[in-house]
Each structure stands twice: as C-alpha cells, then as structure tokens.
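Before we start, here is the structure in question, set down as structure tokens.
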Amino acid sequence: MAGSSLGNFFKVTTWGESHGKSVGVIVDGCPAGLSLSEEDIQVYLDRRRPGTGKLVTARQEKDEAQIMSGIFEGKTTGTPICILIWNQDSRSSDYSQIAFCYRPGHADYTFDAKYGFRDYRGGGRQSGRETVGRVAGGAVAMKILKELGIDVAVRVTEIGGRAIGPGERIEEAVQVEEGNSLGGIVECRVNGLPAGLGAPVFDKLDAKLAQAVMSIGAVKGVEFGDGFAAAKSTGQENNDAFFLGEHGIEKETNHAGGVLGGISDGSELILRAAVKPTPSIGLPQRTVNREGKAVTLRIRGRHDAVIVPRAAVVIQSMTALVLTDLLLENMTVKMDSLKVFYGRAGG
Amino acid sequence: MAGSSLGNFFKVTTWGESHGKSVGVIVDGCPAGLSLSEEDIQVYLDRRRPGTGKLVTARQEKDEAQIMSGIFEGKTTGTPICILIWNQDSRSSDYSQIAFCYRPGHADYTFDAKYGFRDYRGGGRQSGRETVGRVAGGAVAMKILKELGIDVAVRVTEIGGRAIGPGERIEEAVQVEEGNSLGGIVECRVNGLPAGLGAPVFDKLDAKLAQAVMSIGAVKGVEFGDGFAAAKSTGQENNDAFFLGEHGIEKETNHAGGVLGGISDGSELILRAAVKPTPSIGLPQRTVNREGKAVTLRIRGRHDAVIVPRAAVVIQSMTALVLTDLLLENMTVKMDSLKVFYGRAGG
Amino acid sequence: MAGSSLGNFFKVTTWGESHGKSVGVIVDGCPAGLSLSEEDIQVYLDRRRPGTGKLVTARQEKDEAQIMSGIFEGKTTGTPICILIWNQDSRSSDYSQIAFCYRPGHADYTFDAKYGFRDYRGGGRQSGRETVGRVAGGAVAMKILKELGIDVAVRVTEIGGRAIGPGERIEEAVQVEEGNSLGGIVECRVNGLPAGLGAPVFDKLDAKLAQAVMSIGAVKGVEFGDGFAAAKSTGQENNDAFFLGEHGIEKETNHAGGVLGGISDGSELILRAAVKPTPSIGLPQRTVNREGKAVTLRIRGRHDAVIVPRAAVVIQSMTALVLTDLLLENMTVKMDSLKVFYGRAGG
Amino acid sequence: MAGSSLGNFFKVTTWGESHGKSVGVIVDGCPAGLSLSEEDIQVYLDRRRPGTGKLVTARQEKDEAQIMSGIFEGKTTGTPICILIWNQDSRSSDYSQIAFCYRPGHADYTFDAKYGFRDYRGGGRQSGRETVGRVAGGAVAMKILKELGIDVAVRVTEIGGRAIGPGERIEEAVQVEEGNSLGGIVECRVNGLPAGLGAPVFDKLDAKLAQAVMSIGAVKGVEFGDGFAAAKSTGQENNDAFFLGEHGIEKETNHAGGVLGGISDGSELILRAAVKPTPSIGLPQRTVNREGKAVTLRIRGRHDAVIVPRAAVVIQSMTALVLTDLLLENMTVKMDSLKVFYGRAGG
C-alpha cells in the first residue's frame, strides 16, 4: 500500500528524501477560501530547521516554501496545494561511509530487507528531512485551526529524564556527553477544540493521533491524559466528574486528556510522545555491513545531540493534520446538518 | 468518514452495539485457500467473554460465531467472510438509569455531542461488546499468522501498579476495593515476524499498530520496545548493535522492540498498552444529566472490576489484524516480485 | 485490495454469495437521525426479486431485510447499519452440472484463474444474488435523497434493440426465443440534485457513477447525457447555452446530462447503461471443463430471459449510493461552511 | 473527500492548474528496482503536447519532466516518485474575457457553485493541463507493464462520426468548420494481460477502468467489448465459447472485451471511450455572467478543433495506471502465494 498519504478529507501526501532534488507535500481537500501565503508555511519550516546552538546539526538548509498550486489571489481554491522545498545542502560525499554498513538505531537494515536496496545518501526517505513535507502540510492545517479558534501548543517537558520547566532553555538545562545524544518527552495541548471530533471505533480521535504521532521516526510511545499512569490508578480516581460550567457541560478533572470513547469532549486535549535519543552518535558502535561482516562505526560530521525540540514542531504538525481531517468529518454526521446545508431544514 | 473499517488489503468492518440484534465483522481481502472453521473463531471469542471469577461482569453471552459467507468446503474463497454473533443477554431495563445522565469516563456525553442523541442501552456502540467483531476478525488473522509461523502472544504484566509475573493468577494477586476498579498494562510480543513489514512514512508498522491498539476504548497509551523509558536514555544506551547471528543479521539488544524506521527488523516485536480502570464502578459519582442538572450516579449491576485480561485478547486481535494487512502489502513492493509472480523472472 | 466496499463518507460493504447462509450489507457513515425501518428497505428488495412472469427465473426468495444494528427508536444513530437477508432457496444439487465446466459469459473461469478455485454453487460471489446487499444499502441512500428532495428514477428504454416506451409492458413488447436471452438499455434520471456534487479530478461525479454502475455484473457500457452520440457532434451542437431561469442559472439544453467538469450543474442528471443478455441460456453451448476438455453445456433450470428490469433497480441503487456519498463530501469544501458549522461565522 | 488521488497500491496524486507555477504527480507505491529515467516520461508528455498541425492549439509548453524523488542510481527505490513539470506559457491576460462569464460546456459554473469562486485563468484545475500529471504517472505504469510483457495501445477510430482507419492521418481525413470542433472515439486494446486482474464486486477491472477513463474531462461514455451493441444482441450471440488453445483456455470470440465478472480472462482487453467535441469554440455562444446577465461569448485565441488525439494518450495513461494497481492487488489473494513469498511453501 502506498503509505505516503495521511487523512481522508484533509489529506497530505509527502514526497522526498534527504538527497533528492526536493521534498514537499500535496495538501488535498483543503477547504476553499482560506487565506494562505508562503509566509504562513515558512514560520513552521523555520521552527523545524536546525538552529545554531551547540546541540543541533550544522547542516543548513534555507527551506523556503514555494506554493506550486491551489492558491488564487491569496486564497485556497479547494484544489490540491503543492508545496515544494528544494534540497540544497546535500553533500553526498559525506555519506559514503554509511553506504555499506547498517547504522544501529536507523532503518538502513530494514529498508534493505524490504526493498532489496536503499538510497543510502543521508538516510534517504528515512531521513528526518522527510518531515519537511509534514510540517509544510501541518502549517496549512494550523491556519485552518486558528481561524476556528483552536490552539495547538507543544512543549518539551523532559530531556534525558530531566524535567524541563515552561520557558526553561534546553541548552542551559541539559548536558550531553560529547558524541552522545539524549531523548525526551514532548507534550501537546490543544485548546478550543469542539466536542464531537473522532469516530467511535477504529477512527477514534486518540487512535488517529496515535498513528500520526507514532509515524514520526523518533517516537516510541504515545499517551493521552494520564496515559500510562492511568494503568496504576482506580476507576474512582481516574473518572472525571461532569458538572455544568459556564461553557456548558464540563469536567472537574481531566484524567482522560480531552477524549472519551475516542471522541473529543470539549476539554483540553493532552497528548505526550516519547522521543528516543538520536541514533546518529559520534561514539564508536558495533555493527555489520551488508555482507554481515562486523565493523566498528563512528559517525562523522555533526548531528543533533538532542532532536527533541525539532521533533516538537513535527508533533504539532501531525496533531494539526489529524484534527483538521476530523473537523471536516464531523460536519457530515447528522441528518439535520444535511438538511440545513442543502436548504431542506424544514423538510 | 465511515470509521468502522480497518486495513487496506486485509480489511475488517465491524457492526453492532450492546443491544442491537447482533454484532459481527466482515473480513474482506482474506487470501483464498485458508482452512477456516467456526471453531477457529470460537476459541478467541471464548477468551474475550466474561469469566466466572470475582473480578468480572456476570453478564453471560454464549457468543457463538456463525460464518455467513466466504467459505466453501472448509476453505476461504477470497470473498468477504461475514461472521455474526447474536446478542442474547440484553435486558434493556437494566439501563434505564443511564439513559439521561452522563456516566463519568464513558462516551455518553461525547456521543450526544457528536450525533445529537445516542443508543443508551448498555453503552450502544461504545460498549465493550463492539470488540466481539474485532476478536472474530482477529481470529482469522491469527490463523493466517500461524500458518506463516508467526506467534502473537499477550500477557497482563501489571494491575493497579502491581507487577504480575508470568503464570501468576490475577485474581489471587490483586485486591480491588468493593465497587471500585483497577487498570493495568498488557504486553504483546510477536515472534517469527519477517523483516520488512510496514512502510517508511505514515504507514509505519508501529504507527499502524498504535492506531489499532489505541482504538480499543480502554487504552490510553501505547509504546514499543523501551517506549517511554527510551526518552530517559542516551543514544549509546538505546542503539541496538547489529551482528551476524545464526538466522542472519540480528541485534545484540532489542531496545527498539523489533521495529526500525517503521519497518520490522526480524527480531521480537514488543508492544505495551496502558489500560485504564473500568469507568463503570459501583461507588457514587458526581455527574450531570442531559440538561446539565447535577446528579449522583451509582451504577447498579455487576461490572468488571478488572477489564485488563479481557482487553488482552482484543489487543492480540488488533495486533494480528495489522500484521496480516502489512504482510500482504509487503508482497508487492519489489519489481522482482512482480516478475516472479507473473512469470517474467528472466525478462 | 479488499474490494467489497464502496464510498468514502457513506460507505457500503457487502457480503455473501449465492449459497452461503446469508447476504447483506453494512452501511457505515449514514448520518444520525434518519428515520429508517425494515419496510423502507423491503420495497427495493421486492423490486429486485424475480417476479412471476414468463421472462424471469422461477427461483423464489422472500428476501426479508433484517436490520441488525445502527437503529435506535426508529432512527439511525450514526453507527454502522447492518442489514441481513437469509438465503433460503439454495438447492445446491441444481448446480452440480457447472461445478467442473466454465459457463460462457460467466466468471467461472476468471474466478478459478484468480483464486485457484471457486464456490461453484450458483455462481458464488459472482451470482446476481450479490446485488441484494447493494439494493439494501441503496434503499438507505434513497431514503436520505428523498428527504433532501432528490428523485432517482430508472426506466428500461430498450430491449434487444427494440425501444420500450414509458409505461409499455416489457413482457408484451418483447419476444424471446425459447432458451435464449436479450440485453437492453436502462436509463437513470435524477432530479432535484444541487449543483456542486463531485470533485474536479479522479472523483468526478460521472467517474464515480461510471465505476458504481459498471461494477454491476451485466453492465458493459455507461454514458452520460448524449454520451456516445456526443462523439459524432460538433462543439456548437453539443455545448449547452446558459441562461437565467426561474431557479437561477440554467441551461437551454442538456447534452451534458447534468454534469460539467465532473461536477453536477443542477440540471437533470442523465445516465444510460448497456446491459448484456443473460449468459445463462438453455441452448447448447461449446465450452471446456477445468482440465480444458471440450464439453457441450446446456444450462438446466429456468433463468431470466431478460434480466434488464431486475438490473434497473440495482442501477438505481448504485446511483443513489454515489450521490449520497458525494452529498456528504460537498458539505466540507468551503472554509465558510466550517466557520458556520463551528460557530465562527463572524470569525 | 480529497479527490486528487487514484489507486490503492499504485497510487497517483496529481496537482496543478493551468496557471499555477507547475503541474505534476506523486507516484506512491511503485515497486522498487524499476529502471526509470526522465526520458521514459518525456516520451508520453511529448505525445500529449499540442502539435503543430491545423487542428490543435498554438499554446506551446516544452513540458519537461523533472523527477524530484524516488530514484537512486537510475532505479525506483519504492518511495514516492515526484514528477514536476513547470508551467511556462501562461499568459494570464488571454483569459480576462472568461473571468466573469460561464463558458458553455466548461466547468466554470460548477466550480463556482461548489467552491464559491474559481481560478479562472485558463480553466484552472479543470483545464486539460491537469492531465499532464496523469500522463507523467501513466508513463511510470507503462514502464512496469512493458517489463511484464503487457502492451497498451490506443487509437482514434472515429472523428465527428467518420471512421478513421488504422494509419489514416486525422488531419487529412477530417474537415472542421472554422471556429467549430469535433468529437470522436478512442479505442484502447491491451494485450499480454494475465487472467485474474480485478476483484469480484466494486473493484471490478472494468469498473475501475470506467472510473479512470470517465474522469478525463472530455469523456462522456465508456464501453467494453461489444459494449452498447451487446444490449441489442442475444445471449447466444454474445456468449464467447471457451476452447483449449495453444496458450491454455481461450475464447473463440471476444464479445466480452477481455473481462468476465470484472476479472481479466487473459484475452485482449478492449475499451472504447466517447470524447465530446472541445467546448472551446470560436463561434458566438449564448451564456451568462456570474450575476446571470446574458452575454454573447466568442472565445478568442486558438484552441484544439479536435482534442481526440491528445485525449488518446491520456486514456492510455489512465488504463495503464489501473492495470498496474490491479497487478499488485492480484499478488496477494492466495494463501499459497503468501506461503511461497514468506518461505513457508511446505508449511
């Protein structure tokens, strides 16, 4: 199955690998009439880019978004929006070392196992560069959500087991051994979400978000609300009591994280993702080459010692994509809605 | 979007709610020539059924699987397999109490918010009874996996924060306060899985499994391999070194849990799911009715104090469904495979 | 790919073959709040059934629709509607003759070629009986369309090359040689359809209808408006001039058949399908058995000499299914619609 | 529903409109290991381009295919292949005339009805230019089919009601009134197709082809084998007798056009499409503007008097796309195939 698309109504299809000519995304099913400019997308691409700090890779791409289609006089037309970003800083020679051996923690071996060979330059399709298209598509979703008063916020809450407070600068809080890397936790909180998003069975809101967030290469776990902590609690502790608040029916607590039975309940949506430490480390590692011969690998060049902050914007993007898709789905589920839309309300 | 289907090649579509006439599943895309009987399915349905112990509901359904289509002379024909299970023990009167109030931790409120009203008898489509169809479909997948030498095992590893050893009986290990309930952890381990399952981007093996497992009502978190613990480790600790073993290229450790870059690596697949405590508790709870008026709810009748063991077979089923779907996908990804299949190998 | 489902928003999945226990359909994505009873479905199943006339098969099934799920207090709940119809009149012994030879014009040979074997009883999944599920699902769609003021009418316009006038009785107009069969044309006209249904590229209204109607076993051609006659005309003749009528912008003529660029234009939708003569004839035919040995086949028992009137209701059903699916899609394509639905109209 | 994608296994997603920066396609699910160059694609794009003759538009685009991703060392990698073609000759000023009025036979009105406004430059997404992406994607499919020994041939068989013999030059055979246009028939014949492609119900080979071909803007009818003529024949005439030929089981005649019960039978696949005359004519036409005010439109500039030959390559492309998708599907339908693929043949 062609697995480069996500979503049913609001569907993104990404292309591109580390060392092809370009990466990008087609956003199909975007409602017509949304104001959208390249600047709207650039903001998110800039957040995804490696910075200048000591913990991130020195590879520099300007990552300028070019809208190829789907916009007329500054507004979306309802037809596919193609957003292209050229690959610029792709020195293939840097990667000759990894062409014939399997980097631990990377997908080199599994790509070979599946396809018979792989584009080994910079990781090819398994490269983090693949996320550029996700973020570009996510930016379109974020614009829609904003117009509907929905806010998707992400924050790094933990690095290498150390809690990161709000506003705390990661580079100051964290020490990484030379050549090593650290994992962490990203928390995503969505406010302003209407109740009713998600479908009861396989397309539950949390199920769709779990797929979307887990599809980010570095993510190894996803949880909602109390998540794994809920497994240690009792029904009495974990149930959130309902009450009539100023905005209608609300909950006293939010152990559920904003989703009940796979459908948003109108309270804050809370999702956390576990991000593994970057596998590209400068320390020597045992591995094998394609023939199975043991080799010692020491990955040259600079890589992100802490990928977590860059993963945060991707998690935000994936969340926004799923929410937008489900916002569209939810418009079609009541017979009354059809009658109103097609002018048969009194019918 | 119609959300009652899962899978692309091997696709299940479930129907049914707590108090309709029947529940069931259509399995579409099952390869032709698989030996399949109603007994093959019954084994799993029996494991999903409430038992007779002190921790589970007294509701008794025989849950007999009836195959309606897709089988000829004991073998699958490649056409849809419809499996139907009648609802028997559905005393609607038991549920009059919950018709007009929102049970905490349940989807009563969110169903009303989405659809405008709901089938309140026993939870309707949000009932755990909906999982009967999943388990029936999963049984077909389990049969296929078995024929390919793939073993999917599940085990409850924790209840209410207390570790459960292999072979340990939950009823003896766990004490639940009268009227309260406990959550827990289910671990699923798959052996015999070939390398190459899953696709690089949105249809990663772990992403698809995350959706499938998170789509079970009680599940609040999913992780693979070290999962959330990976977020606390370093790259050096978390990377699994490759070596040439007796079965080909293997890994010294398995922090990754059998999946690299979203594709199975041929080692043991390890997945854990956090199951929340059953929200149906006998203790008094604060909530509101449809008009928002505060009420105190005390759920009558017996319910599962610990749903975790019953959730385990559902997690096993969902895992089997995803694996079977991806096994089919993986047959189509190499040009050489096409040439062999269509007799053009030398072409 | 599991090919027993049709539709994205309003999705039907059928099961069943000629001699399994039952046939039926799951309708997933039906809007909540539609009044629906078994009688609503029965009307269409009765029209699909063989009658008592001289041109149709003597096989008699009562074909009683049973709704298994998705209805509460007479209304759809938004969850899957399962409709089951038992197979009753299935005397397997009648079909021993065709078990080992390939009937000309039937799918016996192609099923064997694809799956390695087949359920030969009455044609199995290739039997016209498979259409029971389509008609049951189509009945739900027809109910929705009716509530929106959309009328889908079908009529046999030609049998064996002879035009059939409106109201003309086919049995009186047509003579069929003993043991032979005749094909014909079915025309479907839809009135009350809003402009805007269908999407610009692959999911054009006419493209989706073409798939749906061509997926009926006996259909060999589909055309819209002037159809094949348009190929013989000029642009000046074929273009429909616009004018301002009492219902808004209308067309002076309707060579296009109600669809422009794949999107409905608000005028009458006109579709015609070519139905081939039933291949089950009583005359002797040359064919081979599974081993390739030449045999002469003379199909025993009574079969429809003219299947066209029974195909008409299936064509109507397929049309209704596609229209309903696209009516839902069309609710989600404007940013303004989202703002209105989510209460951000002034946003 | 986002309608710019086609196919399940071999999936194309197109973008672009007449006057955006570029048009193109993402081919997802292409098997790894196929030799593919930009020249392979260019051949088909060149056939789609307007020529220099008297019957075609003078708009000139070089239409150079650029492969953006999915190729490594001259071979497909199994990841998405993005093919981009820049729009060059897009003089927006030429189209000011049609910005505010609805061209008869075009989708101007229906786009406005659906989306609330449209990109009126050159027809936007409804422009024939959208087919560039289809042809680029189709070229990849054609390469796969060729490697499997499958030949897809198209030919214009009729223009304006006049039969066109094989090899006959259309420009010599046909006279078109100044400013007017003509329709025609395109026939597609596929040889070398294995038996077994297509699925029994909604995803029948002919149903999928009907959708794909009808999704081309100018096509108003599709038929297979005898098609509409079959409606005038008898079962005895229309049934194709089987016999044992030198290539196995064959048919004496081919009224069915190579497909039985929606599955290819191994004989020649025959499809015909009715192409309407180009609606862009130079003669004066009655229409209205957006406000409904009557205007007389005379489309300036040169347009194709006969679009049929250019439609032929698009029909070929759409056919190739569907066949490739179904070739992949067909690899997964037998349990024996799974066992062979996963090395459990003796299991």
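Per-chain numbering from 1; labels A, B, C and D assigned in written order.
Rule of thumb we're sticking to: contacts are C-beta pairs under 8 Å (C-beta built on N, C-alpha and C of every residue); 3 or more make two chains touch, one makes a residue touch a chain.
All values reported here derive from a predicted model rather than from experimental measurement.
Chains that touch both chain C and chain D: A, B. Of the two chain pairs examined here, A-B and A-D, it is A-B that is joined by more C-beta pairs in contact.
Over half of the residue numbers at the interface between copies chain A and chain C are found on both sides, making the touching surfaces mostly the same.
Spacing of chain A relative to chain C, judged by their CA centroids, is 42 angstrom.
A separation of 24 Å divides the Cα centre of chain A from that of chain B.
One finds 35 Å separating the Cα centroids of chain A and chain D. Multi-chain contact residues of chain A (touching two or more other chains) are listed as 1-5, 8-9, 14, 29, 32-33, 78-79, 114-116, 125, 200, 329, 333-334, 336.
Remark: chain D residues 1-6, 8-9, 14, 102, 104-107, 109-111, 113-116, 125-126, 130, 158, 160-161, 176-177, 180-185, 195-196, 199-204, 206-208, 210-215, 217, 220-244, 248-249, 251-252, 256-257, 259-266, 274-281, 283, 285-288, 292-294, 329-330, 333-334, 336 touch chain C in the complex.
Remark: chain A residues 1-5, 7-11, 13-17, 20-24, 26, 28-29, 32-33, 66-72, 75, 77-82, 84, 114-119, 121, 124-125 touch chain D in the complex.
Contact residues on chain A toward chain C in their complex (touch as defined above): 8-9, 29, 31-34, 76, 78-79, 144, 147-149, 194, 200, 327-329, 331-339, 341-342, 344, 347.
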